[in-house]
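Before anything else, here's the structure in question.
Chain nomenclature is as follows: A, B, C and D, assigned in order of appearance, with residue numbering initiated at 1 for each chain independently.
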Amino acid sequence: MLGTGLLQGLGVTAKNFVGSFHDPARLTTIEYPEVKTKLPEAYRNFPFLVTENATDPMGTLRCVACQICEKECPPQCIYIEKSKDKKPDATGKPQLFPAIFAIDTSVCMSCQICVEVCPFDAIKMDQVYEIATTDRFSALLLNREQLAKSNAYYHEIHPTEAAEVDARLAAERKAAEAKAVAAAAAKAAAAAAKLAAPVAPKTPAV
Amino acid sequence: MNLAVIPVAASVSEWSDSFLERLPLLARDWMTSWLPEPWRWLVNSLLSIAVILSVFGLLFAYVTLAERKILGRIQNRPGPNRTPIPFTKLRFFGLAQPFADGVKSLTKEDVVPRGADHLLHFLAPVVLLAFSILTFAVIPYGRHLVPVELNAGVLYFFAAGAATELAVFMAGWASRNKYSLLAAMRALAQLISYELPLLLAWVPVVLVAGTLSTTEIVAAQSGWQFNVIPHWYVFTPWGAAGFAIFMIAALAESNRSPFDLPEAESELIAGHLTEYSGFKYALFFMAEYFGMIALSGMAITLFLGGWHAPSPYLEFIPSYVWFMGKLSALLLGFIWIRATFPRLRMDQLTRFAWKFLVPLALINLGNAAFWSLSLHWSGPLQILRWLISVLVVVGPFVLLGRKLSAGVAPRVYRYAV
Amino acid sequence: MSLDPLPLCLLFSSALFCLGLIGALARSNTILVLLGIELMLNAANLNFIAFWRYGPATSPATGVMFVMFSIAVAAAEAAVGLALIIAVYRHQKNIRLQEANRLKG
Amino acid sequence: MTAALVLIAVFTLATAAVALSLRNLIHSALLLIASWFGIAAFYLWAGAEFVAFAQVLVYVGAVSMVVLFAVLLTRRSRADTVIAPDSVARAISAVITGVAVFGVLVAAILKSSLGRLSPAGVPALPGGTSVSPVIFAPTATVREIGIQLMSTHAAALLIIGILLTVALLGAVVLAAQDGSESKQESP
């Protein structure tokens, strides 16, 4: 009969209306500025620079100003100037550091190529999305201080990736240390050998 | 009137004339008692106009908010809930939203097309609003609350409502936009088509009540059967059918979904209102809601017993509260229907009016005539009377409904899977 | 001139009648001619009401009755007249009275 | 009371006069609707409530729509609603005719003793312009109109009903497209 479908429809809407009050699972709205959704781990927008130590961000930048990212960046939004002097990095090795590191986020296309090419895991993708400004020139050009964020923050936003990176860095460092030890040992051995060299031919091998 | 009579009035066991019932009148008399006699009448009239405007203005504001909230809840969203009280952080579920909307529409730019007929473009919303406010004059809001008592009150109501068509035409033509004009013609076709069932739906009421005066129609619906079933016309077979037809036609007359083709925001960029912006658009919006409220008020007066309480035990609640309660229920129904039904197509719309509603309304007229002729039937004849009347309503409904929905469902897709 | 309402009403209605007459005679647009005739009909209705209200008493609602029938006739006239105009327009692509002077379509 | 009548009369006549002299057809139609409103106001003033509302319902609600639709259907472009001026000679002769008719009517009205008729149909006291006649106010309530319609004027009501039906059918037949032109493909 005409009208039964209409009544069914009214029933459906009434059920939804009542349900939205007693069943909070139905209400999927997230009231944004107060409540934020958990972003997926792979979410990315603009790059940031990783520092080892949050208390001294400029002193512990992983970046050594090799300028690979600057050269690889497709829209050429990265600008780097090398420092004149060297500073010890996290491992204590003296390294160059970026005197100026700027990213123009109005140009950046979030392609992540800078992250892919960085041999030092010094640049990573950020998850900050509340970046609207009222000044479209200077406020969108981020400098070194604005870009630097701690490794702990990196762990927070991309935990899996950061763990991998840390493991790799630790392994590299260990390998480097082992290599250094080995090299030192070899050197010492060589030096010893050199020292013992004139005598050696005369004495039979051990 | 003197304030000293209040305790006397309250002690009267007759609730129909209790203090609460006469509170609005007492307040009015108290406010104008200092005036000399010849001026009092004028100021009293002005006061009632002011009260109607402010009450229904507020009702309009909160109906828009309720509509958005309820639509939201039905779609499992919270609806507007953020607008704070100005300069504070108090939100109160967004109760300030209508005022924010008002300020927004007031401060928006009022764009008038260069080739438009400026005078008519301005007059269209004004005429529409004026006439939709005029319709509020004859509705009895309470036992003692009728702004104007007219001998032909119902006729006045629909005569004032007829002028809305003129405003729609003016809006469409003055915009100098062919789409506006076409949409106005479509809107007119709809309004004229549904005017007929709307008018035919209340004729049975006039036939049975024997009067065109709204107060007398309400008075004719007083009393209760066995103290439970009120003598409202909606509780008779022809009254129920008339009420349904009236409400469907009222939906179409006030451009509400599912008959909102004249505007059809999602498809027609608001039809004849395309070239309207800012406050003029808000006026159209307001007039539309006023029309909806007025038509609901008229439906209450004609079919739902006006301000009468549904049971004699509930009479201690003043009559105007009952009226407003019924009005809110009907408006809620409007919103519920809007949330549920998809929009009709133009040909479905006109076919529904001319091939379904008009014949049903005409048959209903005959039904009401039978009802009033068989008024003196009693005993088992009473049952026969009900049976015949119900059959006369249900039979044509089923037959016409079958014809109307023949060949409509289920839809066969020729190319899509 | 007396200020009795009846002569005033009659003057009003005769003025309206003459306006309708002038409009119907002077304009060549068929729609306007029809509207002029409508005005003349309305002027006649005014007379009915004026005499009903202020004239010699007869039965209490006769004048009103006349006006209601006259309004019904006027509505019918307007509907048929405008349908005729549309039919003429379809043949002639014009609704000037002077050009609608042939009986063959 | 008389002042209200004069106001209503001036409003109605002014809108009608301007409507019939304008060149824009839509404006003419809308102004004529205003003048019909004036006539309804006159009916209200005279105490004929029912007729006043019927006038608004029929003229403003229905006839105006028919007129406006006719205006829009009988034009080829937007500029067509502004019609060319008519010949001056015709206008002058029409005005002369109209004024002459008006003169005759006014003379007839002023010379007659209508204003001095008492309600009973008996002429009032000679020279009794100072004695204002007791105005008999007929009351036509809706109920009374209904009873009259169904008893005294029942035949007229039936004839009007038939006339309206015939007019409806006639208008449809006249305005409908020829069958050959409007062959629509069925969906």
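One rule holds in what follows: a contact is a pair of C-beta atoms (placed from the backbone, for glycine too) under 8 Å apart; a residue touches a chain by one contact, two chains touch by 3 or more.
Bear in mind that the values here come from a model prediction, so they are computed numbers and not experimental data.
K.L.:
Going by the average position of its CA atoms, which chain sits the greatest distance from chain D?
P.N.:
A
K.L.:
So using the touch definition from the top, which pair is joined by more C-beta contacts, A-B or C-D?
P.N.:
Most contacts of the two pairs: C-D.
K.L.:
Rounded to the nearest whole Å, what is the centre-to-centre distance of chain A and chain B, using the mean of the C-alpha atoms as each centre?
P.N.:
For chain A versus chain B, the centre distance works out to 63 Å.
K.L.:
Roughly how far is chain C from chain D, going centre to centre by Cα mean, in whole Å?
P.N.:
Computed value for the inter-centroid distance: 6 Å.
K.L.:
Could you put a whole-Å number on the gap between the CA centroids of chain A and chain C?
P.N.:
88
K.L.:
Approximately how many whole Å separate the CA-defined centres of chain B and chain D?
P.N.:
31
K.L.:
For chain B, jot down the residues that touch at least 2 other chains.
P.N.:
Residues: none.
K.L.:
Can the chain contact pattern be summarised as a line, a ring, a star, a complete graph, or none of these (other)?
P.N.:
Graph shape, chains as nodes and touching pairs as edges: a line.
K.L.:
Between which chains does touch occur?
P.N.:
In this structure, the chains touch in these pairs: A-B, B-D, C-D.
K.L.:
Mind pulling up the chain C residues that touch chain D in the complex?
P.N.:
These residues of chain C touch chain D: 1-12, 14-23, 25-29, 31-32, 34-36, 38-39, 42, 45-46, 49-50, 52-57, 59-65, 67-69, 71-80, 82-87, 89, 93, 95.
K.L.:
Along chain D, where are the residues that touch chain B in the complex?
P.N.:
Chain D residues touching chain B: 26, 30, 33, 49-50, 53-54, 56-57, 60-62, 64-65, 68-69, 72, 78, 141-143.
K.L.:
How about chain B: which of its residues touch chain A in the complex?
P.N.:
Within the complex, chain B contacts chain A at residues 70, 73-78, 336-337, 339-341, 397-398, 400-402, 404-405.
K.L.:
In the complex of these two chains, what residues of chain B are touching chain D?
P.N.:
Within the complex, chain B contacts chain D at residues 120, 150-152, 155-156, 158-160, 162-163, 165-166, 169-170, 173, 176, 181, 185, 188, 192, 195, 210-213.
K.L.:
Any idea which chain A residues touch chain B in the complex?
P.N.:
Residues 1-3, 6, 9-10, 12-14, 16-17, 19-21, 26-29, 31.
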